[in-house]
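The structures come next, written out as structure tokens.
Each of the two complexes below includes chain A, the first together with chain B, the second together with chain C.
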Partner chain A sequence: MDRHSTLLLKTLARWGGVGLALIVLAAAVEPKPRAQRSTPVAILVNPATRVSNLSLAELREIMLGNRQFWPDHQPIVLLLRAPVAPERTAVLHIIYQMSEAEFRQYWIAKIFRDETATAPKVVYSASMASELVVAIPGSIAFLEADEVQPGPKVLTIDGKKPGEKGYPLQ
Partner chain B sequence: MIRSVSCSLLLCVLAYPVRLRAQTAAPATAVPVAGQASAPAGAVPPTDQEHYPSLNIQGFADIDYSAQDQAAERVGTATGFTPPGVSSNFNLGQFVLHFAGALSPKVSYFAEVSWTAGANGFTTTVERSIIRYDYSDNFKISAGRYHTPILYWNTAYHHGLWLQTSINRPEMIQFGGRLIPVHFVGLLAQGLVPGTGSLNLHYEAGIGNGRGADIAEPGNAGDINNNKAWLATIYAQPAWAYKWQAGGSVYRDKIGPANGIAGNYGEWIDTARLVYTGEKPEFISEFANIKHTLLGAPGTWNSQAWYAQIAYRLPWLQAKWKPYYRFEYIHIPITDPVFNPPTNPVPSLAGSIAGVRYDFSPYAALKMEYRDSRRAPNKPRIHGIFVQTALVF
Partner chain C sequence: MTIQRKLSLAFAVILLLFGVNLAIYFWGSAERTRAVSTLSRALTRDSLIANMDQKLDDLHKQITVLSGISAGAGAAASSPQELRQFTAQLNRIAGNIGQLDALAGDAAERTEVDDFAATFAQLSRSWTRYYQDFGVQPDVAVMELALHAEPLSSELFQRRLPALQRGEEARVRQAKANFARASSITDRVSVGIFILTLLAGVTIALRMWRDVAAAIDDLTRGASAWGRGMLDHRLPERQDEFGQIGASFNEMAASLTAARESVRQHALQLESSNRQLAETNQQIEKQKQVSESLLLNILPAAIAEELQAQGKVSPRYFEDVTILFTDFVGFTQASESLPVEELIRRLHHCFTRFDQIAGACGLEKLKTIGDAYMCAGGIPTKNSSHPVDAVLAAFAMVEALEQPARPGTAPDASGEGGPAGAAPAAGPVPARPREADGATPWPVRIGIHTGPVAAGVVGIHKFAFDVWGDTVNFASRLESASEANGINVSASTYSRIKDFFACAPRGQVMTKENKAYAMYFVTGLRGDLQGAEAGETAAAFARRYQIYFAKQPPPLPSRLAAVR
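Moving on to the complex of A and B:
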């Protein structure tokens, strides 16, 4: 074993154990996820969008901004409810698996890594979300299912409609 | 450094009739990032569309303090001035502005400009300047000055230090370092590899000027040896494990007398990465092998560098604390003529960093680190305490 390797192992042994122990401790006491919601969250898209079903993984890719185009190359416009809306909280928990702070940091980083030129748009009410998703080509939004108004196309997720057994955004 | 170019660009950008999102009457506003006001709901009819060009400006800054017992051997800092010996310093770090502009639904421009405190004042640098056309998720093409996309850290974290967990970058990719070409000027194609399904295989392929006269810099104003560097990166980000990323890169260049190095050498850089992008935990590990081959005569040298960083956002105290640990290792053969010129050789390193990040505001963090490192077994061990406050506005 050469001198560099010896030095490497000694340094690793000195500090690695401390860091690992701290992380294991934190993971052990991490609060458990919350119970499921009673009102499902519906995913709405512009009626001209040629997509009727998404898997939860595909929806996550879209919400994360990793998929930025529909299959016909139409840019996806992401509409998000403003903070405190219950469906936003649900989407952060189920799809993003992030806290509000993590979510903000995620999008700041996303834009300034030059991975996308535009951030999601924030909408302030259910009616505004429904109107905008009809008006903006390629847009996608989410609402509590009982607030959906006529006009937008409601997607099935993993082949399930909102409220059906096994619907993932419950 | 390209001070004059950067000043001109900045003036042009600021003089341009920009439409900041916070000032538009769009019906929906972008995700409110730091410093941006939110437009009232329903300000205009919802049929209004995106305005072009649009411009989003974000600022980053950091202020640092360091105390070391061997300042001349300081680890992981690309900026500042310290005399040799025991030292303690306050350092202004970098002031950085990011400009992200949408020119049309599929064309965008991005720029990153930094002001760095030095011994003789501030240096202004255009760190990134990129125009990009997004045809689809499978094909995006861009031109400009990038952070070379052959290592995860280099493209995930930039000059705004608030974005990264630790105070400094790993030394193998620190700004101003010569081990890896941190910047790249040229063309880049990127996207999802079609047909890879839930594996989500991404590619990046680029061609550019390669290293400049100073091998720490790219050829900003042209190619100094008329031999283009190229790179290829492939990584998977599976849909079923979307916070994981695994992949690797290849970078090829030719360097020689024009780079201030005696002789002509081929340079191959192979890298590998394994990353978990969450916060509970955050895990980043990367490896690079840099091979220099003397052209026209026998002679090959391989240098290795790697690091592994792990962090965890603690669930207590409003999840504001995030301890982290990183081990770094760089081994450079003392006979490598590219990294060991007669003066100022690229040093080896074995070192640990243990620290904690405290997010005292959603947009500002305080980071505290202890570092313990050594350049070689026969060199003294270096100990240091580093503190940084980094913010985004």
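Moving on to the complex of A and C:
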């Protein structure tokens, strides 16, 4: 079903007025949310990024695409796990507070309203996410804290590290 | 400046303005054409850029959606057909860029297009690699997208395309501004030139009107003044053609003035000449009258008229003429004893009387030769009474010499001092010879003959009307053959007078040529004409005379009238 929807999207994206169809299709393929886990989700950024802490609101602005540059004017590159991945589900639930369908609808609308030049890039594994975060300047990715590998910088949210009490992305 | 030069200058000014207007028109037209061409090219390029923008935007959105939204865990690689379609879209954009490059007008545009093309080429390669790696090497694809494609697309959309668009907008604005500027300049210059042409035309027309009107006014006043005879009037000097005309008129006026003065002088001279001529004519007339009087004194009136008219007198032949000769008896002896002056005075007195008598009797005095007196009847005016008239004159002459005359008076027709009916003397009559010296007056021999003569005037000086022929000679012989106070006539004369006068035949009388001729002494009137009184005699004579000659007779001498 994902393949078909992808092909359809490729085709329909060539026309300007395909947003509504994409929304309908996205709603049709909305996956079932998994049961919440207790493993916190760590926020990884490129080691060269000069930011170490973000508030949850700032993180939310970044994830919604409303903030597209780091303070040093480095473009922010969103890396997001493919659907069904637990950290994606957690991010959708905690940060976006959207379902998968709403998430897709949100970004498609944003792209076709020319409110953003980029969209979250899909990564298919934790290792791929770690590698890309290190390789792509200004990138930001989400991984379960226990899957974090050396290399990327892990940000604190509201001054709290993953696993600490009060960390928002539990 | 002459009118011709003014007109040429005005024409040159208008031509110059026209040339400027034409040049501005062509310049404006070229500017507008260039602006329209630039505008058209800019609009075409703008359209191409918008088209590319749309296509690139579509591709960018497609890539963006493909990379993040629709990619799932099971994303498959792109098929060759999809890749070809994607590549075809890129190629179309590349074609548009080529068109854009071809429409580039200058180096700056070409540089912008080249920069855009270079960025697009990199983006195209990056997108192609992404498409090729999508679903095959997702991490490589994402890295390609994040590290190359998105920065390139960002540069393309945020720098290159806006730069191109701004450039085209600037060029469109510039083209519009150039168009407006050219139109504005053309309009302003055209209006300016129109105003200048109008001003020049009005100025030229006003000046020309003023000059021509003033010149015509001068000419009119001048012509009026000259027409009134004010030839000293002069037109003012001008530097144009009217000035030349005025100078010609002034010269004409000067010539007329000189001519009028000359005419006046000539008139004065002519008047003086006329006066002189009139005086001369008067003198000539007087001289002519004197000449005519003199001529009439020496020539018969008809001969004098012919001589005056033709300058000569043609010889004439008169068939019937009576010649009368007189000669004083004893004149030769008297001339020896009397002073010359007294002798001439006496002759003058006698011949004056004879002249009067001849005139009264219709005879023409011909000449005097010494103491001889010659006259003729029937010439130059022909008549038939001349033998009778000659005899009457002969009696009157004899009577004039016999009768005493009052001193200082002329004999007249009443018989006092002259024959009856004789014309009064023209001047004082000299005293008779007898009264001057107390002696007996000279008796006179008279010879009369009637016959043909030739008459005429000969010579060119001291004209004298004379007669020639045997009649003249025979008349002279008759005079010679006469006696004192005797009237000796020839037979031919006798035959013509015998009805009026009594004659005594003398028989054949020898002349000095020893020829014998019949001669008669006229003794008086015929008896049948003599009355008891002088008046009756005269009346009888007059009746016969009128019957014979159809005219009044000359005065009858008292001696004849008294005879019984």
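By our rule, the second predicted complex is superposed on the first by the 133 of 170 C-alpha atoms of A that agree within 3 Å, B and C clash if a C-alpha of one lies under 4 Å from a C-alpha of the other, contacts with A are read in each partner's own complex, and residues count from 1 in each chain.
What we mean here is this: a residue touches a chain if its C-beta (ideal position, glycine included) is under 8 Å from a C-beta of that chain, and two chains touch if they have at least 3 such contacts.
All values derive from a computational prediction rather than experimental measurement.
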**OP:** State whether A:S99 touches chain B only (first), chain C only (second), both chains, or neither.
**Re:** first
**OP:** State whether chain B or chain C is in contact with more residues of chain A in the superposed arrangement.
**Re:** B
Original post:
For A:V84, is the partner it touches chain B (first), chain C (second), both, or none of the two (neither)?
Top reply: second
Original post:
In the superposed arrangement, which partner chain does A:N66 touch: chain B (first), chain C (second), both, or neither?
Top reply: first
Original post:
Of the partners chain B and chain C, which touch A:R113 in the superposed model: first, second, both, neither?
Top reply: first
Original post:
Which parts of chain A are in contact with chain B and also with chain C?
Top reply: 3, 6, 14, 16, 22, 75, 77, 79-80, 82, 104, 107-108, 111-112, 114, 117-124, 128, 131-132, 135-136
Original post:
Of all residues in chain A, which touch chain C in the complex?
Top reply: 2-3, 5-6, 9-10, 13-14, 16, 22, 75, 77-80, 82-85, 104, 107-108, 111-112, 114, 117-124, 128, 131-132, 135-136, 139
Original post:
Inside the complex, what are the residues of chain A that reach chain B?
Top reply: 3-4, 6-8, 11-12, 14-16, 18-20, 22-23, 26-27, 29-31, 55, 57-58, 60-61, 64, 66-69, 73, 75, 77, 79-80, 82, 97, 99, 101-102, 104-105, 107-109, 111-114, 117-125, 128, 131-132, 135-136
Subject >> chain A contact footprint on chain C (complex, rising order) >> reply: 57-58, 60-62, 64-76, 82, 138-139, 142-143, 145-147, 150-151, 153-154, 157
Subject >> Residue numbers on chain B that touch chain A, as the complex places them >> reply: 26-34, 38, 40-42, 46-47, 49-50, 54, 56, 58, 98, 100-102, 105-106, 108, 110, 112, 128, 130, 132, 134-137, 155-156, 158, 160, 163, 198, 200, 237, 239-240, 242, 278-281, 310-312, 314-316, 319, 323-325, 327, 329, 331, 348, 350-352, 354, 359, 362, 372-374, 376-378, 392
